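Across the two complexes that follow, subunit A remains constant while its partner is subunit B and subsequently subunit C.
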Partner chain A sequence: MTVPAIEIRQLKKRYRKVEALRGLDLTVDQGSVCGFLGPNGAGKTTTMKILMGLIGPTSGWAAVHGIDVRGSGLLARSRIGYLPQDPVFPPYQTVRSVIATVGRLYPGHLRGSALRRRVDELIDRVGMTDKARRRTAGLSGGERQRLGVAQALIGEPDLLILDEPSAGLDPTGRRDMLNLIDEIRAETTVFYSTHILDDVERVSDTVVMISRGAVVAQGDIDEILTVSDTDYAVRLRGDTEALHDRLVAESWVDKITTRRHGDIEDWLVRLSDGSAADRLAPALVESEGHDIVEFHLSDRGLEEAYLALVGADDGD
Partner chain B sequence: MAIDAATLRIGVGGFFGVLGADLRRWLGRRGLFHLILWVAGINGFVYSVVATANMPFGPLGYENLLNALMLFPVFAGIILTEATVVGEYRSGVASWLVSKPVTRGGYVAAKLGALWIGLAVTAILIPGLVANWWLPKVEPYRFVTPDAPSLGRFMVALGVTMVVLGFFIAVTGFFGTVIRRRGPVALLVMILWLILRFAPPQIRPSWYRYLPTGLMKADLDFNSWIPGMEYVHGNPFDPVSAVWATAALSLMFVGGAMLFYRRFDL
Partner chain C sequence: MTTDAGTVTSVEKIRPMQGLGGLIGVDLRVWFPLRTLLMVVVGLIIFGAMYLPWSAAPHPSVDPGFGFLFLGFLSVWSAVMLISAVSFSEGAVLGEINRGTAGWLAAMPIRRASVIVAKFTSAAVGYAVIIAVTGTLIYPILAGAVDRGGTGFRASVVGEVTQSPVGMWGRFANLPEFGNYLGMLAAIWAAVIFVIAAMMLLGTFLRSRTAVYGFGMMLVGVIVGGAIFGGSSLGATPAGAVWAVLQIAWGNDVALLAPIMSTLLLSIIVLGAAVWSFDRRELS
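Right, the complex of A and B next:
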């Protein structure tokens, strides 16, 4: 059996009064591109920083390629390339020297002309050839992100952890970043966090959704998007409040996620089981004060899936 | 906890990687800037003192040289160490570096080591050697003894100054990791420098000579030589035990900084 690229069990992290992670469990398979989705403050960066040994967990266990990140953090980090959320580099170093410096930190690293060639290759790959001699202090946010990816790749890591790689990038930069992730999927496992659902749908094989420090869904993108026989999309016009209150009180309704656009309200109704649909349809029809514009099994995209699982929660 | 060979190799590699990166900086523009600044600054200062006949301590060329080396590079070391340890922690550069195959302790030790080597060479060794070349040639020759000291004895005196520099870099590194705020760290270490250098003999306990004081003590009226000068003048090197004690204390402070750096989130 192949060892997972990342395995996390019951990971908890408490910052004084705030519980950032509440027993996180996740697995990322080797060779996959895994999107790590969640609202602000959900615990994505905390999880990644624990994997990188930058912060210690309160309890729980995390491993990279079977290596415990607490007990053998150095060994684990020698197999990881990491792009932090807001990459900061020594302001006096040039783009080329940053990548070369990181390259020299990895065991069995390239030397001399071989290292120089590899650095130039990576600079070219992230589209910074004309900025290779520029000091990092003069780089824009997008350029720092690109440099961040290049320095993360120099050690030829088995796992690439990217914290919001497309944050702050313009549309062209974002497209280039996604293309780059798509390109490197053949070389390494990629675990990246993002808020941008389109990005996840475009390049990820698997997705982990996190909310309030715990995983709410994980698996193949197709599985996450698979229509469930318990999720119904309802579009209503008019006064829906009474109906909403009545339905949420029913034991066969698990959750109703609502979104309003003008006088139209979209509901995603999650039932306790598929057979409860027989009760939902009459309940919608019998109730007064609104029109039913649409009613069908949810054929959700990632956005609907995300909203259904994470809700309108903006984290803590 | 046992450390296996692979982990040790990675850790050592990370330490030398960070040390090498910082030393390369000293070999570049930064080193050149410091070299010019210190050679001109230290030698200019000493020349201005030596050439000013009416200054009470003007004739003591070498004494002033060693005093200057004990003061300016050490204060620069305190400021630069604070800027490195606290500055890189606050800016996020430290977090970035220790997310690589580098131990936190290795990172701190490499940063302090590179600063010490860089400053010791550009601010003490080379300016000192330049001064040693021209001081005996100044007319009228104002050195207190008729002959210039031997190069060996002079180098030992420079070495003592470097040990003192190392001590203050280590202390600043330690307090930098503990306090992690720039102003208070420098202030604290500079106060320590004043105490170790100028504490009156009446209040110094007997063991005080084994502290860095044994290498850097000076009376406020400048009526006695600093310990390095004793040796330059051919006297037995009394503070030799202070050299070992200061070196050991420096290593302890570096070790403390390395241990403490492991304790907080980055």
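Right, the complex of A and C next:
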């Protein structure tokens, strides 16, 4: 059996009074592009920092390619390339020297002309050839992100961990970043966090959704998007409050997620089981004060799946 | 190894100080960019051209009191070096932590100890060069002071021997004894190194650069105050090293090796504490 690229078991992290991770369990297979989704404060960056050995967990266990990140952090990090959330580099160094410096820190690194060639190749790959001699202090946010990806790739890592790689990028920069991730998938496993659901749908094979420090869903993106016979999409116009109150009180309704656009309200109704649909339809029709615009089994996109699983909760 | 969680590989196959050479190279380039080195060389040439002919002039043209003035300068030079070490190194660790570059480095396949050791090594080399260059500039001035009898600094035996063959440069017959001079520079360097190690330790556990700076200045105050008021009883401490510098400048015979070695040993102990503390700090 292939060892997972990332394996995390019962990972907990407490910052004084805040419990950032509450027994996180996740697995990322080798060769996959895995999107790590969750609201602000859900624990995505904390998880990545633990994997990189920047902070220690309160309890639990994490491994990269079977290597314990606590006990053998150095060995684990030698197989990882990392882009932090807001990458900063020594301001006096140039783009080229940053990448070369990082290259020299990896065990068995390239030297001399081979290293220079590899640095130039990566600079070209991230589209920074004309800025190769520029000091990092003068780079824009998008340029620092691209430099961050280049330096993360210099060690030819087996696993690339990218924390919000497309955050703060303009549409062109975002597109370029996604194209780059798409290209890299052939060379390494990519584990990246993001808020942007479209990005995940476009480049990910698998998704891990996290909320309040625990995983709420993980698997192939097709599985996550698969229609469930318990999830119904309802679009209503008018006064929906009474109907909402009545339905949430029913034992056969697990959860209702709502979103309002003007006088239209979209509901994602999760039933306790598929047969409860027989009760939902009459309940919608019998109730007064609103029009039913749509009612069907949810053909959810990632956004609906995310809202259903994570809810409208913005975390802590 | 097998745990409840699964099979874990925990065999380290990487050199203990993996990446240290690369880090020292980067830090040294901060200390010695090519442009700075060129400026130092040009500065030395200009200084030599201006000062050496005056120093070698056959007739004294400066009041002997110049020697005492120079001794005053030499006395505060140690303090100036220590204060500059505080100013330089207050951000060496905490500045990097706050900026995020410490976290960036710590995420690399290197031990955190390498980050501290690289910074310390480059600072040690940097200050060795600064003190050597400054010492070279001071040496002919000191020669002038010695020649005019304004200082108790002991004359060089080598200078006396070489007086005759060097013609007009025989004015340097009374060059300061070079062994003592080098020892004095080494003692200043050792005290500076101790301050840098202490600043790095402070940077690993304090949260404010102002606090690091404040504690650093207090430390310099204790060292200089100890050197002035503590006397020979502080022989094996950094204050004792500075005290020895002042004694030699005034022409007294004191042992330099013991305070230098003990100060360097203390620096290594403090650096070890800095590594231990940095290893446990959570980084962003």
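In this section, the second predicted complex is superposed on the first by the 316 of 316 C-alpha atoms of A that agree within 3 Å, B and C clash if a C-alpha of one lies under 4 Å from a C-alpha of the other, contacts with A are read in each partner's own complex, and residues count from 1 in each chain.
To be clear about the criterion, contacts are C-beta pairs under 8 Å (C-beta built on N, C-alpha and C of every residue); 3 or more make two chains touch, one makes a residue touch a chain.
Since the structure is predicted, the reported quantities are computational estimates derived from the model, not experimental observations.
Fit or clash for subunit B plus subunit C once both are placed on subunit A?
clash
With both complexes superposed on chain A, which partner does A:53 reach: first (subunit B), second (subunit C), both or neither?
Both partners, subunit B and subunit C.
May I ask you to decide whether A:61 touches subunit B, subunit C, both, or neither, giving the answer as first, second, both or neither?
A:61 sits against subunit C, while subunit B stays out of touch.
When the two structures are overlaid on chain A, which partner does A:86 contact: first (subunit B), second (subunit C), both, or neither?
Once the two structures are laid over each other on A, A:86 reaches both partners.
Compare subunit B and subunit C by how many residues of subunit A each one touches, and report the one with more.
In the superposed model, C touches more residues of subunit A.
By the touch definition at the top of the document, which applies to A:105: first (subunit B), second (subunit C), both, or neither?
both
So, A:186: does it touch subunit B (first), subunit C (second), both, or neither?
A:186: touches no partner chain.
For A:9 in the superposed arrangement: first (subunit B), second (subunit C), both or neither?
A:9 sits against subunit C, while subunit B stays out of touch.
What residues on subunit A does subunit C touch that subunit B touches too?
On subunit A, the residues that contact subunit B in one structure and subunit C in the other are 49, 52-56, 71-72, 74-75, 77-78, 82, 84, 86-90, 92, 97, 101-102, 104-107, 155.
Would you tell me which residues of subunit C are touching subunit A in their complex?
Going by the criterion above, the answer is residues 3, 5-15, 18-19, 21-23, 25-26, 30, 99-101, 103-104, 106-111, 282-284.
What does subunit A use to touch subunit B in their complex?
Answer in residue numbers: 49, 52-56, 71-72, 74-75, 77-78, 82, 84, 86-90, 92, 97, 101-102, 104-107, 109, 155.
Contact residues on subunit A for subunit C in the complex?
So the residues of subunit A touching subunit C come out as 7, 9-10, 49, 52-56, 61, 63, 65-68, 71-72, 74-75, 77-78, 80, 82, 84, 86-90, 92-93, 97, 101-102, 104-107, 155.
Would you pull the subunit B residues touching subunit A in the complex into a rising list?
Going by the criterion above, the answer is residues 1, 6-7, 9-11, 13-14, 17-18, 20-21, 25, 30, 88, 91-93, 95-96, 98-103, 265-266.
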